[in-house]
Amino acid sequence: MKKILTFLIPTLLLSGVASAEVSAETAFVFNTFLFVFSGVLVMFMALGFSMLEAGFVRKKNTSAILLKNIALYSVAGIMFYLIGYSLMYVDVSGWIGSLSGAFYDTADDLTVATEEGGYSLASDWFFQMVFCATAISIVSGACAERIKVWPFIIFAAFMTGIIYPIYGSWTWGGGWLTEMGFSDFAGSTIVHSVGGWAALTGCLILGPRAGKYGSDGKITPIAGANMPLACLGTFILWFGWFGFNGGSQLALGSAADASAMSIVVVNTNIAACGGVVAAIILSQLMYKKIDLSIALNGAIAGLVAITAGPDLSNHFLSMIVGAIGGILCTIAIPMLDKMKIDDVVGAISAHLVAGIWGTLAVGIFGSGDFLVQLIGIVAAGVLVVPLSGVFFYILKGTIGLRVSEETEASGLDKAELTTEAYPEFK
Amino acid sequence: MKKILTFLIPTLLLSGVASAEVSAETAFVFNTFLFVFSGVLVMFMALGFSMLEAGFVRKKNTSAILLKNIALYSVAGIMFYLIGYSLMYVDVSGWIGSLSGAFYDTADDLTVATEEGGYSLASDWFFQMVFCATAISIVSGACAERIKVWPFIIFAAFMTGIIYPIYGSWTWGGGWLTEMGFSDFAGSTIVHSVGGWAALTGCLILGPRAGKYGSDGKITPIAGANMPLACLGTFILWFGWFGFNGGSQLALGSAADASAMSIVVVNTNIAACGGVVAAIILSQLMYKKIDLSIALNGAIAGLVAITAGPDLSNHFLSMIVGAIGGILCTIAIPMLDKMKIDDVVGAISAHLVAGIWGTLAVGIFGSGDFLVQLIGIVAAGVLVVPLSGVFFYILKGTIGLRVSEETEASGLDKAELTTEAYPEFK
Amino acid sequence: MKKILTFLIPTLLLSGVASAEVSAETAFVFNTFLFVFSGVLVMFMALGFSMLEAGFVRKKNTSAILLKNIALYSVAGIMFYLIGYSLMYVDVSGWIGSLSGAFYDTADDLTVATEEGGYSLASDWFFQMVFCATAISIVSGACAERIKVWPFIIFAAFMTGIIYPIYGSWTWGGGWLTEMGFSDFAGSTIVHSVGGWAALTGCLILGPRAGKYGSDGKITPIAGANMPLACLGTFILWFGWFGFNGGSQLALGSAADASAMSIVVVNTNIAACGGVVAAIILSQLMYKKIDLSIALNGAIAGLVAITAGPDLSNHFLSMIVGAIGGILCTIAIPMLDKMKIDDVVGAISAHLVAGIWGTLAVGIFGSGDFLVQLIGIVAAGVLVVPLSGVFFYILKGTIGLRVSEETEASGLDKAELTTEAYPEFK
Amino acid sequence: MYYSKYREVFMKLITAIIKPDKVEALRQALTGVDIQGLTIVEAKGYGRQKGHTELYRGAEYEVHFLPKSRAEILVDSADVEKVITTVSEAVKSGKIGDGKIFVTEVQDVVRIRTGERGAEAIK
Amino acid sequence: MYYSKYREVFMKLITAIIKPDKVEALRQALTGVDIQGLTIVEAKGYGRQKGHTELYRGAEYEVHFLPKSRAEILVDSADVEKVITTVSEAVKSGKIGDGKIFVTEVQDVVRIRTGERGAEAIK
Amino acid sequence: MYYSKYREVFMKLITAIIKPDKVEALRQALTGVDIQGLTIVEAKGYGRQKGHTELYRGAEYEVHFLPKSRAEILVDSADVEKVITTVSEAVKSGKIGDGKIFVTEVQDVVRIRTGERGAEAIK
């Protein structure tokens, strides 16, 4: 590897010759491959969430959280295929799509014109699906250790088949928010806040874990059982985020696209760095010791924050956006505890709070309009909280939502699954 | 990310202009990169197997299974280089290749014509090698907790140098099965059943772990020590499978190839989703509780099942193929136990049973002929069982195959390795 | 997947037509994507180091090592952005670059000419940054279980902002070593030895962990707490190394480049295989049992050894280079112990010793000049040891470098962090 | 032959096998009656409460042992009944498996730090 | 020398240090002689069976302690010999490290659930 | 019914609750005075040494129990004082939390391997 850069010496700008230079079919291959590559990275984030959450729960609830995670990803894959994708993207009226695109025939896969930014529909479908799965992953962590397995799985089907696609149709589907100019590059709001709102709703309806909040206002923290797993999950999420944000450039068929994607990747990385460093420093200042679990949340918060606008032209600004995300998350964690909202993994702080911040930041530093950004943020809450709330209440009133006190004490693994996570470890 | 699809509106079909549009050398780069990218993903499956197996064994045998896994991948890399690749692909007579391609000179790497689907030989070699390693990975899990380390390593050399390449030469090498029209896109039979047959043979010759089956027919399950590791392994395998199946398109040098690969990726994913959901529902029905370990096996079974024909044009059908794979696997697990075949990780159920199903499914839903598919399946068993059986018996009669009773009781880690896996965890 | 090779039949050589066949902009996209893809793989190595190190330390120091790892990667990302990249690559005088490239404007991202091997600057920046992070990752493992968290983080900032970039400017930046003809393809010396020298310096200044070396010369080994994590980390490193070495081809815009990258990938893999097999056999011979931890180190040593020259045209030779790396590492581990140098994870043996070997090997088997290679190796030591030594001493004299005896006994997690790694596991 | 100066035996060891989730209640209850020391060990117990049948991968098996905590409290003989009552009340649920308390004689106690002996050592 | 003719004490605590893989055999043997309760704790032991030398990364070290299980059985005094015999037979391999059984006097037992005292509490 | 006046007991059980990092020192010290056996169990203790306050994710909580090791040594009655002294010296740091030693009477010991009884069984 030898690298001698002719750095910063402006030469011929590409933009003019770009479209002439990459053939349409070559661009089709690039674009398609970008979706597949990025989609595979984002799919891996399902593992990231699984490990993060398995690290943050207690041993006795570990198999249950793992099961919920692999189930939610599988359910998302099926529901988004059966109805979600179509509701989100096909014949979007402004407020919702239709079911006319369900069960699409892959014979049409090549039908999108290749003259201009063509790509395989299947690759795009895959890329969109993994985003949908991410939204529900956020909920599983927040509601862990007390929500029953089957009701959660049913909620996952509703979330990935209905809730997420509706908001998605308003935005990426081309609906009213897009027409208004709402700007959310890779989904700080569309994925992370939407997931975060549902997580918040679930936490409120479920109530906190037994023993967490004393009647005297005293908080008894419940430490996660396995920090290496939490760290593993965080790094996997970071890794997958390069696909999440990088792939959201949606095209790789020209030098301009390739360059834009690279900038997105760099901004994504440096925002996460900023989030980590900010969370470490702040936890040291606030608590006189570093809190690893907060540092990990800081990374996620930095990533979530930059997700709405990772195409910033200034890397330094991206670092700041990420750092502020990390700070807000670090502050939100004890605040939620004070409000007796028991979020097992910090999902609300890292995804909802940082997601709102990141979406606003696009209105401050980026190309977005602040007011429109605010409208988009509020719209997400206004849609998701009631929809998911009603659905949670229906579950509560029918098959029940929360495990019994005994099950909670002895652990979900024993009660709802056959498999303890660590049968040999005392 | 803004996505407004002009969905399902047929426009100009590409196929006609494809070859004109991507230059031969660009196609060479695409094809080569596809092999490297996919090969790297499949290489990662070696970690998937390691973690899955480390999760399913008891603590006292964990270092041993990790060592076996890193050793088998390393031995596969060397043996497939020294003889396997050549036996499988060079001058294949119909029944076996030759050794004339061993030690090939990388100076020839560019010699395959680029006019039509060219690619780097080295990239292809890499891609083929990681498939070979997968086959032996299947054996290590099934035979865990009782097979001695060194005999297993020697068997791995035989499997990757001889057994797998011979069957490979009959099929992907262009031998008699290919000429007959046997269709196995990415290796439900060629990789997974071949591995599964060897695993079954090993399990039969080794016998079950001490204490698993009582003389009265009572089964004493031996729970895996670490479900997060098993889940980690499963997700890594799923992740790697996008390379396994996607890369088996073998070309990315045209829009048609890119599109075909995308369809393969989507089918692969949805089949796994189907396998998971089917296994969860079935385990709930059969046992009144969800069995996480079976859900994980269900994912693998779904993936194995779709591997023979992930190019199905109907995603829904792929989901069904995967779901049936998951169901068969879930049923096979207790059946094998009833037959006192002690498969530690469920490899026979997930790889052999689902592999047979997937290969037949190509004869039902796909382009294959049912009878030919059946012949290919039987041929694998007829080749692998005697070959591996004889080799296992030779090992048994010479250096011994199974650890002593005391070693089994105290664990392989202490007896055969210097390193316990969790020295501090009581 | 059907593969019938017309193997070894020389046809038209590409090199002549290459540049004509891939358009400049297409090449730009390929090159840029190679950097992004490889950079993402190398970024993942940060997780590999985290897990490897978390597996090798004792439970009580696990959160601390995880924190150090995520912090070092974040600090590297920021420092290399603020000054490192510029010092290494911009206006390099021969001995050091300048700060004139800091805060570069992404508006210039497309300015590198696309006529000849163009690529996005941002993608290159990302690729270079992850290499820088790798160098400091090596230090954290060696100095684990006794270095204070904050001083380590400050050292990480110095290492990634100053030390690594200076040596980098001498070599990849085009400085005096490059002009002399020093050859280090992907950084056996530039990354691994530089990290290894700093690790050695740190170990010497810190001294060994309490209880490791008796006054009577007796060594009390301190076993790592979690071998599955160590194995996980090793495989992730191996996986990431395909980006580390493959990406160091620095271009994918022609068939020749794609072919060269493939050869690099194959050599990288087979060297690691050689390292593992050599370490397993040697540990069996030396100790009558296999040492898993040494097998894992063997993989790393094989990878480090091939890193200086993975473009060897002979795969067999690569296997030998890797195997010798594995052997040297296996021998170095007990030798360092005899010298009372307490390297928790074997970083000095795997990165410094094997890195030196690999760099020399280029002078023996590859294109390098043996003497020049030696000069480069010595230069790394002469630069890094005093610079890092002085900095460590400054830290020691000011805020302190090593934790107190009580902290060491009770573990860093309790003293410096709020979070124990496994609070529930007794 | 060991004869403690304190041979008239002023101390007892009270061992309680209880459910693990009652440890914190036990500690608080003891603090309430001014007993400021105990030692806990994780245990598994088998008794009338018979374990249960589990299914793993389709095979039934019996779990014979249940997780228990074993608490040891060194007390002055005079406090024995008080402690028995306190412990019983703190951990009792009335369900099978609540556990046992048993009392043994202690011939001497040493506080290592000070070398104090006998009842002094647990004050 | 165990002949406690003193009969005012009706209960004994039998503690057995055994090899961990003998726990299940012990439980079954006790059930066979109608002793329906025991409490197990994981332990590590040092005795004549001297541990062993291990190698880790090329350095030798001695493992002094071996894993053991510590079983406690509260019995009626009349059952002591029967239990000693039963335990011995169930766990004996004849090899060094088989372990020890020791007997101590118990002055009272309480069944927490019911408040029963004395021998009633372990019936 | 709490009084055993029966005094012809030749063995004692010495139990020491100590800091976990003193186990190796304890073993070496005992070997030094020719006591060749002990059994260790991991424990957690609560005493004067009051645990401490921790912060996790911004919330304070009290850690009441501290990790301890519980060592059991069966000895001939004649060795009791020697062992108490040896153990005390080996593990004492003078700081709070050093732990306790307590002595109980043992009525019989069996070496399972040989069937030896009484003091023979721990020779």
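When the chains are written out, they are named A, B, C, D, E and F in that same order, and each has its own residue count from 1.
As a convention for this text, a contact is a pair of C-beta atoms (placed from the backbone, for glycine too) under 8 Å apart; a residue touches a chain by one contact, two chains touch by 3 or more.
What you see is a predicted model; the values in this text were computed from it and never measured.
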Neighbouring chains shared between chain A and chain D, ordered by label: B, F
Chains in simultaneous contact with chain B and chain F: A, C, D, E
Chain pair with more C-beta contacts, D-E versus B-D: D-E
Could you tell me the distance, in whole angstrom, between the mean C-alpha positions of chain A and chain B? 31
Taking the mean of the C-alpha atoms as each chain's centre, how many Å separate chain C from chain E? 53
Report, in whole Å, the distance between the mean C-alpha point of chain A and the mean C-alpha point of chain E. 54
Whole-angstrom distance, CA centroid of chain D to CA centroid of chain F, is 16
Sites on chain B at which at least two other chains make contact: 23, 26, 37, 223, 226, 232, 287, 289, 291, 293, 418-419, 422, 425-426
Junction residues of chain D - those touching two or more other chains: 12, 41-42, 55-57, 103-105
Return all touching chain pairs. A-B, A-C, A-D, A-F, B-C, B-D, B-E, C-E, C-F, D-E, D-F, E-F
Chain B-touching residues of chain A, taken from the complex the two chains share: 23-26, 28-29, 32-33, 35-37, 39-40, 43-44, 46-47, 50-51, 54, 62-63, 66-67, 69-71, 73-75, 77-78, 81, 89-92, 100-101, 103-115, 118, 120-126, 128-129, 149-150, 153, 172-174, 178, 184-187, 226, 229, 232, 248-250, 416-426
Spell out the residues on chain F that touch chain C in their complex, using ranges where they run on. 21, 42, 54-57
Sort out for me which residues of chain A touch chain D in the complex. 409, 418-419, 426
Residue numbers on chain D that touch chain F, as the complex places them: 1-2, 4, 9, 11-13, 24, 27, 36-42, 74, 77, 80, 103-113, 115, 121-122
For the complex, which residues does chain C have touching chain B? 1-15, 17-18, 21-23, 26, 30, 37, 41, 58-59, 223-228, 231-232, 234-236, 238-239, 242, 246, 252-259, 261-263, 265-266, 269-270, 272-274, 276-277, 280, 283-284, 287, 289-293, 295-296, 299, 313-316, 319, 422, 425-426
